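Both complexes shown next keep chain A, but they swap its partner, so chain B is in the first and chain C is in the second.
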Partner chain A sequence: MLQRQRARLAYYLVLPAMTLVVVLNLLPLLQGLVISMQSQNLIRPNPTGFVGFRHYVRALTQDVDFWSSAWHSVYFTACAVAGAYVLSLGLALLLNLDIKGRGLFRALFLIPWVVPDVVTALLWKWFYSDQWGFANFALVKLGLVGAAIPWLSDPKMAMPAVIIVQIWKLYPIMTVVLLAALQSVPKELIEAAKIDGAGPFQRFWYVTANFLRPTSMVIVLLACIWTFQSFDIIYLLTGGGPANATQTLPILVYVKAFWASQLGYASAIGVLILLILMVLGFLNLGLERALSRGRDAHV
Partner chain B sequence: MSTISLTRRQGLALGAASLFALGSKGVNAQGQAELTFWSVRLNTPELQAALLPLLDQFMAENPGIKITNEPVSGEQVYPKFIAAVQGQQMPDIAEAYSYHPLQFAALDQMETMDDIIAEWEQEGRLADIVNEFAYRKFFWQDHYWGVPYNLDPRAIYYRKDLLEATGLTPPTNWDELQAAAIAMHDPANGVAGIGFPAGDFHITQHFYMGFMFQAGGSILNKDGQLVFGTEAKDANVQALTYLTDFATKLKVTPDGIAAWNTDDAHTAFVQGRLAMGMGTGRVVGQIMRENPDLFDKVGILETLQGPKAKLTAGFYNPMFIWKFSPNIDAAKTFVRWFVSPGRLAPIYAANPGQHWPIFKSEFDTEFNRSNPLLMEMLTKVIPYTTDFAYPGTGIPEMGVIDGEKMFAAPVNEVVVGAKTPEQAVVDAHKRMEEVFLGG
Partner chain C sequence: MSDAILDEPVVETQFNYRRLYAAVATYGVLFFALGVILFPIFWMFSSSFKGQTELFARDMTLLPVVWTWENYYNVWFNTPFPRYFWNSFYIASVTTVITVGFAIYAAYAIARIRFRGRFLIGMILLSTQMFPHVTLVLPLFLIIRNLGLFNTHAALIIANVAFALPFAIWMLRGFFVSIPEELEDAAAIDGAGLMTTLHKIIVPLAGPGIAAIAMFTFIRSWNEFLFALVLLQSQSLRTLPLGLASFQEEYTYRWDLMMAGGSIVSLPVLFFFLLMQRFIVQGLLGGALKG
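For the complex of A and B:
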């Protein structure tokens, strides 16, 4: 009886939060789903006309921009997250050492995280400029290249250039999270491994990495979600160009919704992005479970 | 002294009427008609500083109307307007980009402006407008959905000192422009022959459009049908080839123009890195502010005589009124007042060259006469400006074609070597066709 009352109280307590979740998350999501099945072409009559899965079929079978944008999104996300993870892991390991000025370094490494995306994009745009950018100025002065590199105007260079910016944006938060995980590794285990004759690499791989794995899975998943849906940095740096070389799915959604007035079609792409991210989330969850099972079996 | 006495019933009725009046949509407690005015083209600090006193002046002259201005960022135009349409919270009046009125008219959100155009015709003001396409582009389904209120021209600026050093005269046609760009190209001294925005941005298509018209091409024909990659294909390919040859064949542009937006081209010219630069009228004010020493060394080219025509792109920005505004009459009063002769002089002065009157009779001012670059713009460029709809009237689909940068893409694709001019035009045409087919 008491347990039932407690359960009821718990439901009452979570009710305000659930109401907020429904109003702020689920309702817009449902509206997005509804719009994705309506015409919502704002230069055509009857915008609320039901069109079923027509927009989805168009995206998946007719629109070449959808698949090229999807590929760009995957490429951008994979490279940026992988690059940021490697960089942040290295930095976290360094910052975990007992070095002088560690607090200052930690604060300095956080700077990119606190810079607004718009400012980030403009800073890097100037940095990359073929006319007055520091990147080219330094490379030419150091004699590393003969002429300025067209970072943002060459379709082959533009994507790596925006990936670098996204890595710059991502690595601080990943470093902080990984550093926190590193600090939770019991020192006794490291000592024990040392006594057993494990070298630095073995100590990292067999002890530290095991503790980092769950945190890494979470931060990588979050970074993938942030990066996959990233819009402003790419849009401000390249506008999706040159020759669509950096057009990702969020940019395609923006273009279709707000420049082409095709809200229905844009919503359908938005829903597809959501599905892709959900698949990514489930994969991550599955992988984590599989690794945990493997680890438990090993133990 | 007479007194007015009211019965209790009359008092109640008066009270109820007062409450109704106070609660009426669009009327404030002082009984003024309340108007919201969204400005897209007048949103920089200096333009706002010029605009707000004008609004105060309007309210002083029209005490029954209260107008509130809300500047809207260019990047936020579509999201903001579309959200406003969905929520039925449109402004009573707005000034924005060329095709907004037709797109919103297609959504049944626009009040017709036929009466104002008819008045202008009666008063002879329609004939005073620089170019008939300034207002014809707002004509769709037998109605005018917007009225032009200012002009935003595109021009080619050049360095007089560098040109004189080559012994050439200012170019007036395609061949001469090419020869001048080659002759003035001096990478050793950090000066490129010519520069223009070729990034995947809207400004890119504005310059292509000028060359397109000069070659006899267009996007639509006079009946509003899409001819970009059909009847007009040869001319459009010719214009695209000519423009992109500067970068791909002649190599007289900076390497990075495929990522350039408006400000990149402007800044490169103002910093002295270009012998010739394509830009908006804003360059004049930018030179005056940022590099005044350059002012006397700069000229504006006569609009080029292309293979078929002597035309350039200019954008006649519209004002329009929301169909469901509770104060349509007050809104029209404001539009009439705002576009009356000489009214916008403070705005033209706020950033010289950026905004221009649409009426020829407003050109001869001391402000223009005292500035050689403005005079050059006035005599060499503005009379030849024409807009998207040329050679026909407007259609809402053109807003999508412009919005999706469908004719910027060909320039960008050719400059980066992704496509040939012909392929780029054909592909762009296919994308434009999809707009007409629906989706």
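For the complex of A and C:
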């Protein structure tokens, strides 16, 4: 078939799907930008009055809630991603050893990832429950704590508690990706390092780590993006409470939009979340480029 | 046999012991980690078979002392749970059919045909994956409301397709790329057109990949919460995640119902996942992350 004919066919094949993608993703995004500059309010008239950047100014300079939520988001994301990365790296290194049943282990370790968010939240809520939860029962039984810990209703404990759940949700996919990267390390290189007298830690640091770095960057960035915008688990576990202790930016968007009816203001916060994620994305791109340049110089 | 042992140098034997210890330690750590990590899920299943008195007893047992189906019976016959179940099943099925149907053609064109704008399309597909759902849900809510679709299943299907489609196209592209091009050349020589080749050769070959993506789309829609929360209002329209979440207010402290309900929601997902996990993992690694 002629190249030009093939190309024309390609447009017919791509057009329906891409129309849907653009209409359903890019259009809402643009609409979101527009709304964020309007006085959109679900209970007031004149929803489309133009207000310029007033919502953004309000969020960044006047709203205490915004900055405390932003801090919670950063804290939640940093702790959850760091925790999940350490856990998944450990598991991936173990699974990369010459063991039988690797596939089965990998599948079983992936299970938390497929459990629906709502079920995840409910089963952890049950697990954390003050009076009937297993966590408190076991801790008291073992004598580790004197009295039951009110995990989700104590402002001090709520954040660590939701971070644990997020780690639980996040580590599986990171493990799979890191394991795949580990398996791409050429065996000969490890053997060569062994012959040169490198111990296990040196072998890891000077050989394996070099192969892990680019993959780690990508997966850590993706994990940050997923976690920073995650809504379900915190909303269902604590609803942002107690006393706003776990109110992250996505929760704030929902609260402002549907409890306070301030759709325009909520939209502005939504756009700010997108901007933060974009900065993260570009940061990673730059880092990756610098890293690959450094590696080339090395070789 | 005994000769072989005699022939082995002493050092080797010691080395084997070390390997044995290492293996025991590795499995020990792995099983321990698995036990700790999966315990909350086990606890949900175990709790779902306990009677009310046992569930709220002072002393807890890992497994129910008396096994009972009572909780499952109650959640299925005494709450609107079956309604939620069918709503979810219907929405996920329609979403999957639409998504896969559109994705196959687009993915094939992107994987196999060189045309202007191919790179741009790839960029759009990947960048949509980065859009935070909380940013998109507000404008989508307004758009849906203006279209008069608020509080309908159609609204939720539209939203689910919107977010499943880019991912499905990108993953399918990965599967198509991995099919040897010679097969198509052979078909072309035999006089088959591009569409015939796609339907008769590529789709059957990519069958497992397509099945994995269909499964993945289904599961995502089955699990989806935020859009259901924003776009639906009537109780009779609720999906499983939304319905189960509302149990927290409507049946406060009825952990028996929530644990049985949670088990029912998770089981199909777990079953299909364990069935398809090899393909899902392959697709994720090949299609989505490496690009």
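To be clear about the criterion, the second predicted complex is superposed on the first by the 277 of 299 C-alpha atoms of A that agree within 3 Å, B and C clash if a C-alpha of one lies under 4 Å from a C-alpha of the other, contacts with A are read in each partner's own complex, and residues count from 1 in each chain.
Just so it is clear, contacts are C-beta pairs under 8 Å (C-beta built on N, C-alpha and C of every residue); 3 or more make two chains touch, one makes a residue touch a chain.
Treat the numbers as computed from the prediction; the structure is a model and nothing was measured.
Look at chain A after the overlay: chain B and chain C clash there.
By the document's definition of touching, of the two partners only chain B reaches A:Asp130; chain C does not.
In the superposition on chain A, A:Val57 makes contact with neither chain B nor chain C.
Contacts of A:Ala192 after superposition: neither chain B nor chain C is touched. Residue contacts after overlaying the shared chain place A:Leu283 against neither chain B nor chain C.
Contacts of A:Ala260 after superposition: chain B is touched, whereas chain C is not reached. Judged by the touch definition given at the top, the superposed model places A:Ala209 against neither chain B nor chain C.
Number of chain A residues touched is higher for C, counting chain B against chain C.
With both structures placed on the common chain, the touch criterion links A:Gly241 to chain B but leaves chain C unconnected.
Once the two complexes are overlaid on chain A, the chain A residues touched by chain B in the first and by chain C in the second are 129, 131-132, 257-258, 263. On chain B, the positions that touch chain A within their shared complex are 78-79, 82, 85, 103, 106-107, 198-201, 254-261, 264, 267-268, 271, 273, 396-397, 399-400, 403-405, 409, 412-413, 415-416, 418-419, 435, 438-439.
Partner chain A is touched in their complex by these residues of chain C: 22-23, 26-27, 29-30, 33-34, 37-41, 43-44, 47, 55-56, 60, 102-103, 105-106, 108-110, 113-116, 118, 121, 124-125, 128, 130-136, 138-140, 142-143, 158-159, 161-163, 165-166, 169, 188, 193-195, 219, 222-223, 225-226, 230, 240-242, 244-245, 248, 255, 258-259, 262, 265-266, 269-270, 273-274, 277-278, 281, 284-285, 289. Listed in rising order, the residues of chain A touching chain C in the complex are 1, 3, 6-7, 9-11, 13-14, 16-18, 20-22, 24-29, 31-32, 34-35, 40, 91, 94-95, 97, 99, 103, 105-112, 114-119, 121-124, 126-127, 129, 131-132, 134, 137, 168, 173, 176-177, 180, 218-219, 222, 225, 228-229, 231-232, 236, 249-250, 253-254, 257-258, 263, 266-267, 270-271, 273-274, 277-278, 281.
For chain A in complex with chain B, the residues that touch the partner chain are 41-45, 47, 58, 129-132, 147-148, 150-155, 158, 238-244, 255, 257-263, 265.
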